[in-house]
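Contents: one structure, followed by commentary.
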Amino acid sequence: MSSYRVPRALQNGFDEHPDHEVIELRHNGLDEVLAAVRQTAVELLAAAPQSPSTLTVRAGTVAVEMTWETAAAATTVPGAVLAPPVAATIDAGGGNILAASTVGVFYRSASPGAAPFVKEGDHVVPGQQVAIIEAMKLMLPVEADRPGEVVEILVADGESVEFGQPLFRLAAVEA
Amino acid sequence: MSSYRVPRALQNGFDEHPDHEVIELRHNGLDEVLAAVRQTAVELLAAAPQSPSTLTVRAGTVAVEMTWETAAAATTVPGAVLAPPVAATIDAGGGNILAASTVGVFYRSASPGAAPFVKEGDHVVPGQQVAIIEAMKLMLPVEADRPGEVVEILVADGESVEFGQPLFRLAAVEA
Amino acid sequence: MFGTVLIANRGEIAVRVLRACRELGIRTVAVHSTEDRDSAVVRMADRSVQIGPAPARQSYLNAAAIIEAARQTGAEAVHPGYGFLSENPDFAEVCEASGLTFIGPPAEVIATLGDKTAARAAMSAAGLPLLPGSIEPLVDVEGAARLAGEIGYPVIIKAAAGGGGRGMSIVEDPSEFSRAYQQTRGTAQTLFGDGRVYVERYLASARHVEIQILCDGYGNAIHLGERDCSVQRRHQKLVEETPAPGLPAELTARMGEVAVRGALATGYLGAGTFEFIVDTENNFYFMEVNCRIQVEHPVTEAVTGVDLITEQIRIAAGERLTLTQDDVRPRGVAIECRVNVEDPTRNFAPTPGVLEQFVPPGGPFLRVDTHGYAGYRVPAAYDSLLAKVIAWAPDRAQAIARMRRALGEFTIEGPGIRTTAQFLDRVLRDPLFAEAKHDTSLVARILEADAQAT
Amino acid sequence: MFGTVLIANRGEIAVRVLRACRELGIRTVAVHSTEDRDSAVVRMADRSVQIGPAPARQSYLNAAAIIEAARQTGAEAVHPGYGFLSENPDFAEVCEASGLTFIGPPAEVIATLGDKTAARAAMSAAGLPLLPGSIEPLVDVEGAARLAGEIGYPVIIKAAAGGGGRGMSIVEDPSEFSRAYQQTRGTAQTLFGDGRVYVERYLASARHVEIQILCDGYGNAIHLGERDCSVQRRHQKLVEETPAPGLPAELTARMGEVAVRGALATGYLGAGTFEFIVDTENNFYFMEVNCRIQVEHPVTEAVTGVDLITEQIRIAAGERLTLTQDDVRPRGVAIECRVNVEDPTRNFAPTPGVLEQFVPPGGPFLRVDTHGYAGYRVPAAYDSLLAKVIAWAPDRAQAIARMRRALGEFTIEGPGIRTTAQFLDRVLRDPLFAEAKHDTSLVARILEADAQAT
């Protein structure tokens, strides 16, 4: 559906800051610089959330102009699409929590009435599906990212969850 | 001079708060209450700086109206006049300081060229004049409030001082 | 224009005056008591002088210390703000005698208008409508009772030297008159050292409407519209607004005209306020003149775009009014709420203390005047007014909605600290207020109603 | 009117939108990244939903998460603020497809006006003046060079899909043209996946003047005067004001008329801005349309008394404009300064960190819009705009004096924190600005001058 096409505003890119105005700009090897920045942005995005802004700022060249846009810039890397984040779980506080990777509705089973993917006491292995989060009519699998025993299920079936909300508590098990 | 007459605004009294408006007021033994409040105000003023406001407020009667005005109220005690504070010294930090009791100009001697009232090393007794502060052409004596040896004179002759400014440092002496 | 102005006041109005001076390029001197050593105005001022201990008598009412501070700092003018020495003719006189410009009317004008009977006489001569009553102070109880009968009951007996709701008695029935008369004279004598009293018609239901005026030293005088200050608790204003809701424009225009006439007749100078009461039949009667800037001046500024403090200073500096009456074009509605550090649940007892959190509201069409800041210790020695919130909108309903939004945003926290913010919201959402059907009894009604409700 | 509105933004504009909603009695939903968990709007909102991690792509640009948050909270409309998804036609489309009202123009209008060549074509058809240049995208370098010759040098080559000062080259001399042309096409292709470019006359000295418009869904459109945004650093606005100083009223009135014509021609809805440049001979040329509320909207609000966010919401809710063009009567002068968390001495590098002290200025005729508070941690992940200070006065000189007073009052302190406040003051006291003789090169001149001075 339309939201999975590349939104034009993201193609225009860099519009996270609302107030660029085009009146004068000397031509100074613009695309080399841009290429460098884009490259940096891509690498940094691959790395942890924040740092890009501060890092590129330190460049102190035309690139300074672009640092604020890093987050958006990344989205303009050719091929980037606006899709819900993949459902790889993230770790929120205490290494033993499986947390929601997107806003949505939490389901414990593949379909109403079907058996839940996991119940308390079950042992899970990395990559094993443990739940579903429905966001915008998409069913996104929630998978364990490590082995463990499900000691607590923190959200009721059919409940709304927000990003980063704890879903399961696991206990470490002997590999 | 005129500033030593009772200013009319002080006779009107209570005008520290600007926005009393007279539209309706039931007659309920007004003057008895006022007498009580006035009495309280006088007593409290005799005591330390702040408290009057909070204390009278706790009355929770018409008197509440008057608590904010306590400071001014005191000035309406019949016979009160707007004169510079008498020059009894006050104690500002470290019991060994004689401080200015009014804004003015500090003089060490009675007249230009005359010998200073005291110099470093002198021993002073309570009530002994140690300097003059001139405020609005009035010469206000500064007197020691306790016995001691003048160890330091903190303000130069002819300098402007503000209220509470340290003037002399004294050292305790055997009585 | 002055090079340096001394601000002989404290709290929010001292900060307000400082801001005007700064915008005019004038250096500022803040004078303060030991209690206010760390106050906002002291922090902001170019210079500050400590003039006395906490009690106002020895600091903010200490003319000698203030004049001396002005001399020390080379100040050329003194702005008295409101309260304290702002309406003290002797202080005005001492300032002039000391070569300082007092930013306000001349001493003799303050003296005349400060005396209720003199003011009534002057305004009646200028053709302003007065409540039926005595112009001259009364001499004997018989004459007084006779006059009361002619006026018609209920009547109110007021001390000529009185003010602020003190030294007055309301008499419902002729049989009570002579006792009340004697009592009021006694009160006046002990309170003000002046036993003169007068009597006038008492209005049970009335609205308090005042007119802002500006006069320069060249015979030019204008009014800047009215303010309705009917929301009061025991003669303390809580909410003020302009225009006066529900009053015909012709009525307030006429009030403005007579106020200007009264000002010119008394040789007024600077900013002043003519207070009137308006009865249920929209008759208005002169009450008194306030010879100072008022707490609620910002609502007038909000609708007219005129900076009243700046105008005061320019006029005092001998400049001509640049505004004509035609230039004054009020736009929209402005409401002011006074946020006091008081506990409405404990009979509005002041709650001085340290403000651990202090975050005023912000955003569109909103103004906050305050001396508060995070970490500020509200002293017990002075007024409980902490902040004035002023909301503007094209119409009254939106102004009320904006004010309620703002009061909800206002964060003021500290051990023992309570404020009137919530109570003000209660007033704003009262149907009588929302429909502008209220009079000066509104707050009392609300307090009674809530008391019974609990 | 909506019962609940979701605010799909962060920072000061999210707070601004929340305030408008609250005054309209609308419940608010704040969506936020993990980074903004403790932000002002999250604290103020009726509900909040965490929609993703710090990077905007996964949070504030994450349409799926925002739509889902709206569904969860029962929001009926989405206000996109500025930046992020505010001019994304696909997001507008998804909102409508999901039964949510997008508070802004229809998707197809955003799409047309977002494409520079399409916008130029539409506006030229509507009779708006354009800089001499190509309407249709250029096909080959020879044709482009020929056109450039006809236009006259210097010319500027711009990417059709470009914006924000990216994907463009200024060509001073014909000999440079073909190289620049190829380079710009390449840049545009890599940057925007769209190699289309066009060429137009380049103006070395120009002023940036924009017109605020409002259109309802019933064919009513008005303009609310202009804003001069010529004080820019590398295409970033620092100071905006209205009216545009020194421009004849007839000129700005004509700009307003053509903007309204252009808006009606494209079926615009809601609040929008038509950007023009004005040359030294007071010729004006259409540049682009911003299909969103803008950072600098408060200066227009200050002089007109119109709450633009409230109008946006009302229009989106299907209400008719209650204002006519005659109702728009700008009064006085308003200036906005953007206080960014940047270090002017280090090439305006952002200085994120914790605000240990944060005390915005206050007082008469002053407005501050900010999401800052004492203890707030300014994240490194987003824009450096911390606060907007807006000063109003009857004339420009007083407005500048007021703004300088306010900037001097503003207290912002924290480890490593620097702001642009002092630099803004430097701009305000520059003779060129004071005399309104400045153009878009002012900031560059100041920075060069100061660099040489040291």
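Chains: A, B, C and D, in written order; residue numbering restarts at 1 for each.
Definition applied: contacts are C-beta pairs under 8 Å (C-beta built on N, C-alpha and C of every residue); 3 or more make two chains touch, one makes a residue touch a chain.
As the structure is a computational prediction, the values presented were derived from the model and not from experiment.
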Which chain is most remote from chain C in terms of Cα centres?
A
Between chain B and chain A, distance of the C-alpha-averaged centres to the nearest whole Å
69
For the pair chain B and chain D, the C-alpha centroid-to-centroid distance in angstrom is 59
Using mean CA coordinates as chain centres, what's the gap between chain C and chain D in Å?
43
How would one label the connectivity among the chains shown: line, ring, star, complete, or other?
line
Looking at the whole structure, which two-chain pairs count as touching?
A-D, B-C, C-D
Residue numbers of chain D touching chain C in their complex, please.
15-16, 19-20, 22-25, 44, 298, 301, 305-307, 309, 331-332, 359-360, 362-370, 373-374, 392-394, 398, 401-402, 405, 408-409
Could you pull out which chain B residues touch chain C in their complex?
1-3, 5-27, 30-31, 34-35, 45, 49-54, 57-58, 60, 64-65, 67-68, 71-72, 74-76, 78, 80, 82-85, 90, 102-104, 135-136, 138, 160, 162-165
Contact footprint of chain A on chain D as seen in their complex:
34-35, 49-65, 67-69, 72, 82-91, 93-94, 97-98, 111, 114-115, 158, 161-171, 176, 180, 183, 186-187, 190-194, 202-204, 206, 208, 229, 232, 234-237, 275, 277, 287, 290, 292, 294-296, 346-350, 352, 379-384, 440-441
